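Just passing along the structure, written as structure tokens.
By letter and in written order, the chains are A, B, C and D; residue numbering begins at 1 in each of them.
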Amino acid sequence: MWKGTAKTKKGANMIYLDNAATTQVRSEVIEAMLPFLDKKYGNASSLHSLGQEAKTALEESRAKIADMLEAEPDEIIFCSCATEANNFALKGLAFEAKKQGKDHLIVSKIEHHCVLHTAEWLESLGFRVTYLPVDEYGVVKLAELEEAINEKTFLVSVMYANNEIGTIEPIKEIAKICEEKDVAFHSDAVQAFGKIPLDLKKVDMLSLSAHKIYGPKGVGLLMKRKHLRIQPLLHGGGHEFGLRSGTENVAGIVGFAKAMELALKEMPRESKRQARMRDKLIKHALQIPESRLNGHPKKRLPNNANFSFRYAEGESIVMKLNEHGIAASTGSACSSPKLEPSHVLLALGLAPSEAHGSLRLTLGRYNRMEEIDYVCKVLPEVIEELREISPFWHKKS
Amino acid sequence: MYSEKVLEHFRKPSNMGKIKNASGIGKVGNIVCGDVMWLYIKVGENSKGEEVIKDIKWQTFGCVAALATSSVVSELAKGMTIENALELSNEKIVKELNGLPPVKIHCSLLAVDALHEAIYDYLEKHNRPIPEKLAKKHERIQKELKEIEKRYKDFLELEKRLEK
Amino acid sequence: MWKGTAKTKKGANMIYLDNAATTQVRSEVIEAMLPFLDKKYGNASSLHSLGQEAKTALEESRAKIADMLEAEPDEIIFCSCATEANNFALKGLAFEAKKQGKDHLIVSKIEHHCVLHTAEWLESLGFRVTYLPVDEYGVVKLAELEEAINEKTFLVSVMYANNEIGTIEPIKEIAKICEEKDVAFHSDAVQAFGKIPLDLKKVDMLSLSAHKIYGPKGVGLLMKRKHLRIQPLLHGGGHEFGLRSGTENVAGIVGFAKAMELALKEMPRESKRQARMRDKLIKHALQIPESRLNGHPKKRLPNNANFSFRYAEGESIVMKLNEHGIAASTGSACSSPKLEPSHVLLALGLAPSEAHGSLRLTLGRYNRMEEIDYVCKVLPEVIEELREISPFWHKKS
Amino acid sequence: MYSEKVLEHFRKPSNMGKIKNASGIGKVGNIVCGDVMWLYIKVGENSKGEEVIKDIKWQTFGCVAALATSSVVSELAKGMTIENALELSNEKIVKELNGLPPVKIHCSLLAVDALHEAIYDYLEKHNRPIPEKLAKKHERIQKELKEIEKRYKDFLELEKRLEK
């Protein structure tokens, strides 16, 4: 049963360094949500007082969030997750653009799978897609973007910051190019919100997910400018301005608004604090032989460190760390582990032994420097152990 | 996703390492796929005068399943006659580990392949007749390797660049 | 803050008779969910222990639910709501069927808007749709169904029980026809599950929503038989057997499984108890002059009563009842109130004055007979009051 | 969704009922649309000798907004000169109610229409000149009514069947 508001929370006594995969819901958020699971359970579409109470909470959350994103309330469309928001943005605009004779979209090669696979599905329906390359640090190549846009292009989608390597993209510049060429610009800001200040003035659509910022799983949103017409992905009762049907998850949305509010409030302090831990991790990890830092050395999220350790396989590193009570990840925590190396690392031009030997450590508000010290001690041992078993390492030494 | 048995082998793998002057070596997998196994066998005779795998060691680069299957194959094969070792199947390995996640089944294949390749190597080096089934298997493994090297040529080039 | 497990819960001191719109989350469900918001917050796709703990909870919930639906675990695909499940079922099969040269689907005229508007959207893409008529009680006409199926038909979608009028459809017979004609059969069982026993043996796809059965908002599922290939609606990381991407809402899913389990356990008792209350409501309401019961007199959900009171407008009835502390609804609680009368009542052949004067009272596990007695007293007064203001009533008297 | 002001009028509507021997009656809306208003006026003279709406009553079948706008229009119009009453706009009504949900704006239109139709009826019955604007409005209202009756013919037939 819910026991209240510890300031420092921990699950299963682990050192949790997988905050890009998901985060622990904050106590304040759980407390904000509970009344809407319990006593205030009305359907926001119902006319009676219980319904109107839910409606009011929903609209207050929407207004708060709109404020934080420098948008209008009717530009905030709640949905179930960032995967849905990204599918919605791309497909919703694609089906609308088709009517205007446009059939080309541009996405970066290092987008999250929910953008990439949506783009591929649109390709299967006859749309054309340009997969924009990135440089060795994962930064989108602006000149190639400019070249790729043509008169059939209806959308450019580039994430604000990458979930695996933490690289921050030149969103302002991309938005400017899109504005000049009169193409809509969508950005997946799931990993960026609450970690770095966002400049959204020229962003036409933006995706966010609550569970990445200490909110609950199962809630996301698409910010979509009013001037942009898109088709719904979920048809039905006409909720969310007719753009996303389905009974609103009021508790989740209230929690989302709370989580966003707190994330922004703590951002100045937390991003500095986490960057210090990140830098320590980087410093120590790079002392391990044949290691490299993936992503941009400077333009990176304050909470992301991503390494390649040649001849130590990623999954095995993660599982060894797990044995030491450290929760980490190899690349993204998407669906169940697949066989291919990360498409993001491949796009950076990593060699096979590097791409397969990657480790992502992502910090959060509950991490402490002592934990990082411990990780810095354990990590070299783990890498060493795995290399001991590897045929390649022995070959070298 | 992994059974406790798999994790036990992952935590304390048996027979890892290298045999100097091995009777046969099997090298399977490829760095582009993320799993590479080298398996060494020392062949000797048992009390009945049969040819058996006296010693076995392995070196593996790969995921938890790759390490666990290497370990369990080495445990099972150790002491087996060559004949019996050739009958070892990946079903047996998977069963021994109390199952593997579907995406990881290929790892069990890889471990059995490594063992059989080591036996092939041993038989060939000693100019011994090679059972048809084994010869076919060897052919398949080598063909697959070639195909992967061809398909991922660019990717492997990057690796070579690193070696410099 | 969460205070625990009252057996009889109430929100805002209302008599809540809008249980078809949404329900209060059960205490047992909140308690089952809380650990997965708090300590057990892992991403079910993460390899480390926290992730695997979430994964285990997810798969245990899936297995339990599969059991309850006489399905295999890999036939249960979790999603965000029944609206999504219905969109997914129809669109997912449509895009797949198109590849096989099939382009025709059949839906009943009284489906929920999320089925109807999805069908309309598919029409806009070139699919053909038959809207199957119903009789005066809302029962689908089987002969017309049989006639409507042709060699291009890939799907029949008929709800298990209607959300407005509570009519239970002849699902077994429909499923049999579909089987004979080799057409897939989908049923929206959102309102039926937990109220009546379901016969799912020949149902190929089934939609459910947690918040209608004392579970949380924001969770639903599609049961889909393995033999049936459909395309994802949400592309991405490949969660849910590659059919529904997006980080799984573990807390919600665990709560869903718990809510389903409890609903089935209590069904025999609750359906009888609620039917008694329903019958009392019906008896008293029909004593009001110029009233009628909408839906089937016998084949109806135990918790549904739907009336038309001529010359008393639906929204006004609901708001008058609200003033008396009774939460009710006029038709479905979908999106914000629209101007058209309910498509369901129109399909029954109701006249304008009846279609505009409808009231839906839907019972739930927290209702008590005393509440119903009070409603039986208040309702005639409210109808009388509104008729007093109405021009038609005076004309008559 | 409704302002407290709307709900107050809904709870305690003013001037509801019927005027026998009314000077004019305005009947607007249609049962197919779910909102019908009948508005009765009694015209008399004020102390300055101007023609004013001495009394006003209404009967409405409709939603909360329809009832509230009926009530507020009757309050506003009561005592007004005919001239001023003709200037009453739906913006004024919406403002008086502290706003209405967008889907309900049409209800405020209906209430003003009913008032103006009642004035039209009064002027016509007394063979008084009808201001051009009012004549046009009357025409529009009647045309819309015809269109609705034509469009929803089948639906209205059902209603007639009930009346038997």
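We adopt the following convention: a contact is a pair of C-beta atoms (placed from the backbone, for glycine too) under 8 Å apart; a residue touches a chain by one contact, two chains touch by 3 or more.
The shown structure was predicted, so the numbers you read here are calculated from the model rather than taken from an experiment.
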item	value
A-B compared against A-D, more contacting pairs	A-B
Repeat of interface C-D, chosen from A-B, A-D or B-C - more than half of residue-number contact pairs shared	A-B
CA centroid of chain A to CA centroid of chain C, Å	33
Distance from the mean Cα position of chain B to that of chain A, given in whole angstrom	39
Cα-centroid distance, chain A relative to chain D, in whole angstrom	55
Between chain D and chain B, distance of the C-alpha-averaged centres to the nearest whole Å	89
Interface hub residues of chain C, defined as touching at least two other chains	47, 315, 319, 336-338
Residue numbers of chain D (touch at least two other chains)	1
Chain-chain contacts as defined at top	A-B, A-C, A-D, B-C, C-D
Interfacial residue positions of chain D with respect to chain A in the complex	1
Chain C - residues contacting chain D, complex	310-316, 319, 323, 336-339, 341, 346, 349-354, 356, 388-392, 394
Contact footprint of chain C on chain A as seen in their complex	1-2, 4, 9-12, 14, 16, 18, 21-25, 30-31, 33-34, 37-43, 45-51, 53, 79-84, 86-87, 112-114, 117-118, 120-121, 209, 211, 216-219, 231-239, 242, 245-252, 315, 318-319, 321-322, 326-330, 332-338
Chain C to chain B touching residues, read off their complex	47, 52, 55
Chain B residues touching chain A - in the complex, by the definition given at the top	1, 7, 10-11, 13, 16, 18, 27, 31-38, 59-64, 66-67, 101, 103-104, 106, 152, 155-156, 158-159, 161-162
